[in-house]
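Below is one structure, written out as structure tokens; comments come after it.
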Amino acid sequence: MDIPQYKTALIVGAGEGISASLARLLAKQNIRVALAARNIRKLDALCREIPAKAFTCDATNADDVAKLFGEVSGEVGVPDVVVYNASQRARGSFTELVPADVARSIAVSAFGGFLVAQQALQLMLPNRHGAILFTGASASIKGFAQSAPFAMGKFALRGLAQSLAREFAPQGIHIAHFVIDGGIRSLVRAEPADHPDSMLDPDAIAINYWNVLQQPRNAWSSELEIRPWVERF
Amino acid sequence: MDIPQYKTALIVGAGEGISASLARLLAKQNIRVALAARNIRKLDALCREIPAKAFTCDATNADDVAKLFGEVSGEVGVPDVVVYNASQRARGSFTELVPADVARSIAVSAFGGFLVAQQALQLMLPNRHGAILFTGASASIKGFAQSAPFAMGKFALRGLAQSLAREFAPQGIHIAHFVIDGGIRSLVRAEPADHPDSMLDPDAIAINYWNVLQQPRNAWSSELEIRPWVERF
Amino acid sequence: MDIPQYKTALIVGAGEGISASLARLLAKQNIRVALAARNIRKLDALCREIPAKAFTCDATNADDVAKLFGEVSGEVGVPDVVVYNASQRARGSFTELVPADVARSIAVSAFGGFLVAQQALQLMLPNRHGAILFTGASASIKGFAQSAPFAMGKFALRGLAQSLAREFAPQGIHIAHFVIDGGIRSLVRAEPADHPDSMLDPDAIAINYWNVLQQPRNAWSSELEIRPWVERF
Amino acid sequence: MDIPQYKTALIVGAGEGISASLARLLAKQNIRVALAARNIRKLDALCREIPAKAFTCDATNADDVAKLFGEVSGEVGVPDVVVYNASQRARGSFTELVPADVARSIAVSAFGGFLVAQQALQLMLPNRHGAILFTGASASIKGFAQSAPFAMGKFALRGLAQSLAREFAPQGIHIAHFVIDGGIRSLVRAEPADHPDSMLDPDAIAINYWNVLQQPRNAWSSELEIRPWVERF
């Protein structure tokens, strides 16, 4: 069994939560970590702790994304693990949604995933080696009421992931989509004391991402769903 | 059984094929028909035949879409059937796709559907009456290799349709999504002589749209897939 | 467009509800109707009304099913429309379910469907003409808590329908599976007065079966879901 | 993060392949292993190697399954991990399938899973601790032509797994279903030399089962699909 060996990870849409947990876990596995976000101030402490390097990038802007991959390749290493973790909701009653907000929601949740995957594949395909992971949600597989823009973005991201898996897995690139079904606990969003473990733990999610990365190519998953034991589905 | 009675239909993304067949069928049922497309020249003959009225509209432009619903309401009638039939592909090798083409593909295939549905619902909700139909494809439920932009747009449109169905069906608006799985025959795309009925017939598809429109509200479909007998799936 | 012409229908698992409505509708279209059930006493009035002929059959018994098709072919006509409408639940807490009841539930809901489809196809394939319709439920696509035996039976029936559709549609046999998602109103199960149209109407369901039967072979559906406007899904 | 601690595993439908790999892996984790099969002769070498204890059991027989859980509890330990790995196909042209073979196929692939899950839950529920894993296949989610009996059994098993997950996950029992999509290499079924890693490796599959068992309850998967990089899906 050949366990894939990865050297450099780039996490786009980094913040607290899944991406921070994953960054810590990858670093412990001696993988260099680069983080990208629109505002990297919030990543300062994390970058010092890991250590990791942060890059400013609007993932919906093609030039920004191209520049990001150039900078990461030069300053950290050519990324062979790329995680797309950005998403954005547009909230409110459907008939009162502002079209520009909806467009932005789709752009961040899905189009940015395309831009990032395209740059990643240009670097990975020559080596026939690499992995691209996409963070989905329950909205990726079920369009809920009062949540159309998020469903549009997350459905689109899953369509992208499926299409890439069918095209590039046979070329040696591992493509995986994670259906994160439930709230994620954090410093600002604690779980109710009387419902223990009712929220997802970001460290536990990160382990699942890692386990998928460790799959040998003759036993790849392209989709994995994860939810708390008490979550309805 | 209360069969819904519709008076005015607006078909967005009209051209030859499904929309022309549907326009003819609706007109025969004494429903007034408005057609919208970016270029309405191509609709001249169809408009005379039916007769229908055509409106120029870029469905990805919020102002255009708002203007469209105002004009149609004034000149034809307040639409209580709205069909979103527009879509666009971006072709080519994934790593060579032009980002602007991909953005455009998602905008036409999905964001325009949002804009049109929003305008439609603003008119339909006060009456708790109306139907919005979305044209999907096999790419709506399966992301194929070498077809990521189309999968993104069509998955997103399905996410929109599901979300709207869950939110607005209980308010009396019939939302339905059609998975058109197969090539559609046309003047410029004939089916192989040795494979009879191997391509979808647009008139047959139109009948399915009509049958869904005729469903009483206690037996609604929100998704229907249609394919030729010999199509692999 | 070639609308299929059917002559003789056999509905297995006939009783009140969908099958009675469908029997009436088919008869009005000048299609001869045969009904099969374990206990045909309950079908007396319906048979007189339509008129139709009823046959005693335990659909889970291979000999019974073979005998049924022989009798129907001889006394009514060779069936070119076959509807499998039988199902059975095993109720109770999962840990207290009686294994024989669960086995029976799977046998009635799914294995009987196999037996009936096999007999039907032996008659239909030589003519490359016929339709087999399966009645599913929300449990066909989602396994609910406290309902494992029904989920097992209905999932299995859907697996059968998919397999048959992929194998026999290209040989001219229309296979369709209906996801009936909601309660069906009846004499003994009225809908709440303050929730109009909150239950499925069997006549409306029957129209949908008929519409699928009328599809020309270049525009076939192999699955259709139907639910009341207010049903959650 | 509380990683679940398991003590005794029972693998039903044990043979070469997934179950042997999983038995070895569990034993290395200091979990006692019991194996059950209709014919345990073939397990002799494996039992000595691990070491594990083998029990004769026809999983489709309720009395056998009850006796199995009694014996395993007495001789090995009360199982808190139970794996259902049995399945059976009925081969041949659909119209020539022998009904008894099809019934047997459904019984082994699905009804046995019910019997085993029921006994397992009776032991697990009082402790609100345990895991039940089901081995599925591509046929679990797609009914293929010329494979109706296998689709029926595997669909039914997935319906069972979903139903149990919705009912018993909130009671602390981890239920997971694995979609094994591809051929598994073995001593008697080598992969083509010119298609490296084109078949699933049973050891790699076993690691995935183990990873799911290690998930803390706030990040459970109830379904995971695994396939070789080059497998079409």
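Each chain gets a letter, A, B, C and D, in the order it is written, and its residues are counted from 1.
Please note the rule applied: contacts are C-beta pairs under 8 Å (C-beta built on N, C-alpha and C of every residue); 3 or more make two chains touch, one makes a residue touch a chain.
Just so we're clear, the structure is a prediction, and the values are computed from it rather than from any experiment.
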Required minimum of steps from chain C to chain D, each step between chains that touch: 1
Relative to chain D, chain with the most remote C-alpha centre: B
Chain A and chain C: spacing of chain centres that average the CA atoms, whole Å: 44
Euclidean distance of C-alpha centroids - chain A vs chain B, Å: 32
Where chain D touches two or more other chains, by residue: 166
Contact pairs between chains, per stated definition: A-B, A-D, B-C, C-D
Footprint of chain C on chain D - complex, ascending: 62, 94-95, 97, 99-100, 102-103, 106-107, 110-111, 114-115, 117-118, 121-122, 125, 139, 142-149, 151-168
Chain D - residues contacting chain A, complex: 1-2, 166, 169-170, 172, 174, 185, 197-201, 203-205, 207-208, 211, 214-230, 232-233
